[in-house]
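To start, the structure under review is shown below, and the notes come after it.
Labels run A, B, C, D and E following the written order; every chain starts at residue 1.
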Amino acid sequence: MVTGFPVALAAWTLLLAPLAAAAGIPLLGLHRKRLSASLAIGGLLVPFACACWLLLHTLQGSLHLPLEVKVSWLLLPDLAIPFGVLIDPLSLLMSLIVTGVGSAIFIYSTGYMAHDSGYSRYFTMLSLFAFSMLTIVLANNWLELFIGWELVGFCSYALIGHWFEKPQAADAGKKAFLVNRVADFGFMLGILALWAHSSPLAAERTLNYQLLQTRLPSLLQSGWLSHETLVLTGLLIFCGVLGKSAQMPLHVWLPDAMEGPTPVSALIHAATMVAAGVYMLCRNFWLFQGAPAVLETIAWVGGATAFFSAALAVVEPDLKRILAYSTLSQLGYMVMAVGLGGHVAGMYHLTTHAFFKALLFLAAGSVIHGTRRQNIRELGGLRRSMPWTSATFFIGALALCGFPALSGFFSKDEILVLAHEHNALLYWIGSVTAGLTAFYATRAWCVAFLGQAPEHLHAHESPPVMLIPLVLLSVLSIVGGYLGIPAFLGEPAGAFHWDVAATSLAAIATGAGLAWLIYRRKAIAAEAIARRCAWLHRLLVNRYFFDDVYTWYVEQVQQRLIAGACALFERFIIIGLAVNGLAWLTQLAGRAIRRVQTGRVQGYVLGFCCGIIALLYLAGRF
Amino acid sequence: MITLTHYLVLSALLFTIGLAGIMTRRNVILILLCVELMFNAANLAFVAFAKSLGDPSGQVIVFFVITVAAAEVTVGLAIAILMARRLSTLNADEVSLLKW
Amino acid sequence: MNWPTVAVELALCAGVLGLLLTDALLGPAKKQAIWKLALAGVLVLGGVLWWQRPWIGQSFQPMAAGQAMFVLDPFAWTFKWLFLLTMLVVILMTRVFTRQAGANIGEFYLLLYSALLGMLVLASVHDLLLLFIGLELLTFSLYVMAAYLKTDARSIEAGLKYLILGSVSSGFLVYGISLLYGTVGATDFATLRDAFATGQMPLLAKAGMLLVLAGLGFKVAAVPFHLWVPDVYEGAPTPVVALLSVGSKMAGIVVLLRLLYSVFWPVQAMWGGILAVLSAATMLYGNLAAIPQTNIKRLLGYSSIGHAGYLLMGLSTASWFGAQAVGYYLLAYLFSNLAAFFVVVTASQAVGGDRLEDYDGLSRRSPLLAATLFVGLLSLAGVPPLAGFVGKLLVLLATVESGRLWLVAIGAVNVAISLYYYLQVVRRMYLRPAVGTQPLVVDPLTRAALIALIGGILLVGIVQEPFLRALSSAIRF
Amino acid sequence: MAETIFFYLFAGLALIAALLVVTSRQPVHSVLSLLVAMFCLASLFVLLGAYVIAALQILLYAGAVLVLFLFVIMLLNLDRETLARTRSFTLRGAGTLVALALGMSLVRIVARAMAGRSVPPVPEQTGTVERLAQLLFTKYLLPFELTSFLILAAIIGAITLARLKDSDR
Amino acid sequence: MPTVVPVLAVLLLAPALGAVLLCAVPASRADWARRIAVAATSVSLALAVWIVFDYDRATGGYQYEVLIPWVRPLGIGFHLGVDGMSAVLVLLHALCSFTGVLISYAIKERVKEYYIFYLLLITGVFGVFTSLDLFFFYFFYEMAVIPMYPLIGIWGSDVKEHGVVRFSKEYAAMKLTIYLTAGAVLALTGLLWLYVSSGAGTFDVVALQHHLSAFPLDARRQAMIFPLLAVGFGVIAPLWPFHSWSPIGHAAAPSAVSMLHAGVLMKLGSYAIIRLAMGLLPDGAVMWLPWVAALCTMNIIYGGLVAMAQKDLKLIIGYSSSSHMGYVLLGIAALTPLALDGAVLLMFAHGLMTALAFALVGHVYDETHTRYLPELGGLGKSLPFIATCGVIAAMASSSLPGFGNFVAELLVILGSWDRYPLQAILAVLGIVITSVYMLRMVRGTFFGTLPQTFTHAQDAQTFFARLPYLVLVAVLLLVGCWPRPLIRLIDVSARPFISTFAHPEAIRMATTTSSQPR
């Protein structure tokens, strides 16, 4: 049995190592590239080792999860907020993903960002991001989760806007942060409501997961927490997920986030940050279980996001944006899974998705690194010039489509089974989306990697330091399905539904086949299809006009109407009327009174006598 | 039968006439004259009260008031002469350099 | 017949005569040095006043016939010190002024002395007639001094206006005294107080009192009787204006204090209300009209009207603490106003005029002058840690105790308004670029006087207890 | 009986003279009418038993002050006072009105306050020089001395102001 | 229990002594002036830090008391004392003034006069935070307001829009001084009325509190005096309708002055409302505070929206300060221990953050001579250090966790939730609004392409130039990451302070029936 100090030490290093690295780099190695890279990577490998050590012990049974280590961050008589580490299978799995995939991406980015001016600033932010992601994962109460939530938002802002000279990058960073902040507004209210209704006695209010979970039933019976407030709180908390995991109405920031360096997109906008929302849903599934209405909405939002973003990827020319839309779609799958009650299935897909999507992004990164171009129409024939990258990209694409025997197939299949059992319409949407996924994956593969390379394209293979992580991740994408992750999370996978598997395979086959015909054989001209259903094409290219609506709102309604009106009110009413008006009035009074001094002596004597008369009158009155 | 009130009413009237004179006449010297008139009205009141109280100190006060009035006239006329010489006018309302 | 109680006044009379003689004997060259003699005279008077201390509490009674007309009580003794201090500073001011006054500078100091005599008499007056005589003595010398710059039309106009208004006010004063004499049968304060002790005043006495208050209101520049102030302050030579604004106003307040708090004390409900209304009107008039001013002396004229408002506010409380507050306010007002006028005197030659524009960038040309005016004006505005703040605070406190909150509100608003136009002057001095570039040289004596005044303002502003203690022991009738 | 006749005679005369002072165009006429007023007042003083004051009134006031006035008027050879400009008429109109209002209130106060206090017969010794002098030099000694300085200040002031030195031509 | 060395007296008089010393220094020796100023403020800073650590949390209450009877007949005494809340604010002011003095190295002309007025301002504010006597409270309060006039008037800068002057620095200086004095005078009348109607015959706050707890003023009288104090002090803690002086004052003031101005001067008002208005008039407070809560929500929302529309950097930060002070007032109005802790901590955190923000804008202005957002851009390239601090300041302002602001705003919202749920929700919305305009500002100034005209812009290279920024950021992070010690210090005196407030119903009942002495 191993307990006590070593475990606590492992838990704390798991959380605080990246923070130490993030603090170390600016202090020690601000202009020394090698030192900052090694500090950052060390800051992630050490927690990875701790996580593996803990995993080893749990598997051997010598460590009983859930293990909680905490210190009181804010201690007041009527408010005690701890800051701790809660390790249970769910959080251990997630921390393994974050540290594992993270270290691969860190190593990769030493190559990718080799001659970038903000090298150490980049690695500081990455380490800080890792720390905040681990805070979300290992939090044992809602507030610590919220703290991690916000810090992750900040790190993504800083990393998206890493090349801040580029105006689009700066705007993309700002947009990401603000959209997240709007979502966090709802999330904060949700936490506040939860905290307020956590107990009738003000002193006993808490945000701790375990305590809330145990108290929930009694609160509901005692009527202190009515069902409506539970639904409302659930929806508000789901608001946070909308922003962080880029679900339908607040998904606009993810495609623009591709302005950041590709390893960032890989780490943040594929593997970890966007998954935080799903992880939060799984972690606090007990809250939503009591409110079926909330789960219903979650499922539908997930389904809609999956389908619509997959459609967008079909027409997207930019390689990274295709992968971004694919992430959106896969996240929709995970949220749908949670909405349908299968939070374990959601986590399973999250894990596998982390592997193959990180792989795809890194491969795309090495393509960009090699060719300096992102538009797939300007690429082609990379199979020959960049063998390793194209091979790993191919494996990732297969896993993404859910090709049988690869990890994607198993996890997506779980979700489709769930949909099949609970909601027929969502099941159909899921299958069609699977088809679409296959379509755009094959399209990207054929256009970018097959065919002849355009004449002025001279691609060169990336250095080994970038290829090793690619290979590692491709291995994981293949093996991911067989690691028994659902079992580890407590719900072993159910019986293998042949009919669901069959329909999904059919959908994948049609999608891939169609794409092969259009883009490899060029049997049907892509432009012809585009012309025939032009309005659909325009709709998809303009991303359902979400961006236009939002920009219109920000420029017109918010800036000109509301803020402008307030500024005008301030300038002309409060300053102009109230303040200057008062000053002008006293000036006027001054000038009027001054007129009394006519300068003529007899006027003064007249004044004198009037004074006397007034005095006599006053004497009469008092 | 002449009572104290008769004298006081007379002194009040003289006082008012003096006051009216100051405000209406433009010539500074005449203003000074009216001031003298006001002082005389006050003297009359003093003597009347001294008589009714049977106490002579009223008359002593009149003695002082007369001297003050005389001093007043000297200074007044000095300034009037200065004004006539320097500002070449004796009308009070034409002298309004200092205003507002 | 205890002569020592009148020792200071006698010494002063000797001084006047001595000045008359020396002026006749001295040639024109040595006339410029006559201010040293005047200064020495004032210092000697200080000694005599100090020597008089054992006789405090007695009164001058020629041949023990009837009530005392001239009394030397702690109240009078304390305020005589303030009058001497004012005269000291005014004489220092006149040094710069001698070139302008030309030949007859000797007479100027003589008139200063007679004005001082009037003030000292007014401090310890205990009879209406003596009040009238003292008042006229002070006012006559001020008439002449106001018109002293014979070549300057504005000075003559100032003298004329002051004379006419002064004579009308003394006319009313005399008439008032006659009415009071008529109803009571005597003019000294003791009998008057016993006559009104019961609290009912016959109508004639009320009228008499009001006319006397009007006469003194003229002196203090309360609103209905203040119209002469701006013009005379602008026209008259600056040392005279300093004397007017500090000396004559203080004399008026001292006499008012004595009259209201000892003679008309039983009737305080009536004059309390009247003074409250007057003070509100005076404050508002003075502070509002000062805003659009462009001439610094005229601005200080309006500001002195404003301060008269605060003094009347203190008097309207009809409480002993109110009287002490007025005393403290006078002390603060004395230092601040003298500091301000001292700078105006020294600066007006070099800066070439009294317009506010001439004061642009004064802080660059002479930091000491600018600092003194800065401290003086801000003390007048009532800004801590300066004397004016404590004065205003005590007066407001007394008025709150008297229950007239509307008056406190007006007083508070006026602090903000007055700060505006004081800061206008500060703006010109500190914020504007300098007009002339050559720095103003300030001779050592003026420098010492300015620093002493700043020190006085700070001292009265920060260390309040000794002054308050002295005043509370002094103001007891 | 004779006393009332004399009183009304002199009071009426004094009022008329006072009005003349205010209304006559020629400054000299005003001074002379003031002289007449002084004489009426002096006689009233005699009626009231204040003989010394009556004498003083004539000697000092009529003699010294008015002569000074005449002298100054001659010095400045004033002619008829030109009519005031129309604009200031309102001021002078208002002046008379205010003076009248003040006068009426004073008269009202004085009449109501002192109803009927009769004037007792004149005891012989009140108005005499000895009585006055005795008071003057005992009770009113201090004011007496101070008035001397008052006059000194006035004289010196008048000289310095009105002196015609070549320097201030 | 006055300790042997009057720590507070030394802390208060060090800057005053500095100012006096400066008078003797010849104007030409600017470097000496700077050294004296830095020495004076560092003495105060050292003492302030020592007090925060040495304050005895167990006993609480006023410590390090210095009592010199000043005017016995009126009951005025030079009484200094510090409790949990004011110790934190004294530390805030010490930090701001120390960094402010370092930042004012950018002042080149008339340095001596500048430092004299600056040290007077610092003394005034120290005086307000430490004095426990109504008279001296007001004495130092006014003494802090008046030096603002020459500081803004002489060394300030006109606020330009497209190069055209929107309002001159003289207008701003005049308006600020008159506005604050009017507010202060209004408060003075309230204080005098309180002094008189309490009948305790003393100006001492502690004595008054004992007296008033024994025989309190009747509720109607309190209800009349409280608004005077609340509005009077509300003018400087910019309560909504009276806030318009602060942004204009900030925009025109030199950066070091607006650091103190926004960082600390605003806290005078809110501190005064806590210490005097609520401390001495509990029933009045309970009746009027709902109105204050409503107004300060306008502060938050309205201030934020107006900040969004501004184009001048300092105006943005000015309006953001008035918006953040809305949170402080909400915390005060909520009358719960949590909310008050949050309010005091927010005063501390916001003070540091605004000081940092203004220092940065000052540096940007010195390098580029413009504060107009449309003209700025891409400075991150040439000013990396300043840009990093800029991002940190923006993040702290939009209450990113890890900074003191987040913890404070969290406490305010949690504390005010029970009594004012709607206001709490709007406060959370305020956080979003803040982050919108803060990021817009950062994007406009530091990111994007660097225009040709600013290529020569110099970053803060030397350690001495970077010291102020580092100090402020370090303290902000320290408080944000580990708030427990500071919160405990505040809570030691905030909790008993709040416990004196009776429940609202009791008050309402008291006013209707004839109020029997409790």
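Just so it is clear, contacts are C-beta pairs under 8 Å (C-beta built on N, C-alpha and C of every residue); 3 or more make two chains touch, one makes a residue touch a chain.
Everything numeric in this text was worked out from a predicted model, so none of it was measured.
Taking the definition of touch as given, a chain qualifies here only if it contacts chain D and chain E alike; those chains are A, C. Counting hops only between chains that touch, chain B reaches chain E in a minimum of 2.
The most distant chain from chain A, with centres taken as the mean of CA atoms, is D. Interface comparison, B-D against A-D: more C-beta pairs in contact at B-D. With centres computed from CA atoms alone, E is the chain lying nearest the middle of all the protein shown. Here the spacing of chain C and chain D, counted between their Cα centres, is 31 Å.
If you average the CA atoms of chain A and of chain E, the two centres end up 37 Å from each other.
Centre-to-centre, using mean CA coordinates, chain B is 26 Å away from chain C.
Between the CA-based centres of chain A and chain C the separation comes to 78 Å, rounded to the whole angstrom.
The multi-chain contact residues of chain B, meaning those touching 2 or more other chains, are 8, 15, 18-19, 22-24, 26, 32, 48, 52, 57, 64, 68, 71-72, 75, 78-80, 82, 92-93, 95-99. Within chain C, residues 129, 133, 136, 140, 143-144, 147, 150-151, 159-161, 164, 168, 179, 182, 207, 230-231, 420 each touch two or more of the remaining chains.
Counting partner chains per residue, chain A has residues 594, 597, 599-603, 605-606, 609-610, 612, 616 touching two or more of them.
Pairwise, the chains that make contact are A-B, A-C, A-D, A-E, B-C, B-D, C-D, C-E.
Taken in their complex, chain B has these residues touching chain D: 1-10, 12-27, 29-30, 32-34, 36-37, 40, 43-44, 47-48, 50-52, 54, 56-57, 59-60, 62-64, 66-75, 77-82, 84-85, 90-91, 93. Considering their complex, residues 3-4, 7, 11, 14-15, 18-19, 21-22, 27, 30-31, 34, 37-38, 41, 44-45, 47-50, 52-53, 56-57, 60-61, 64-65, 68-69, 72-73, 75-76, 78, 81, 84, 88, 91-92, 94-96, 98-100, 102-103, 106-107, 110-111, 114-120, 122-123, 126-127, 131-132, 135-136, 139-140, 143-144, 147, 150-151, 153-155, 157-159, 161-162, 164 of chain D touch chain B. Taken in their complex, chain C has these residues touching chain A: 160-161, 164-165, 168-169, 172, 206-207, 210-211, 213-214, 217-218, 223-225, 227-228, 230-231, 269-270, 272-274, 277, 285, 288-293, 417, 420. For chain B in complex with chain A, the touching residues are 19, 22-24, 26, 92-93, 95-100. On the chain E side of its complex with chain C, the touching residues are 27, 70-74, 76, 113, 135, 138-140, 142-143, 146, 149-150, 153-154, 170, 173-174, 177-178, 181-182, 185-186, 188-189, 192-193, 195-196.
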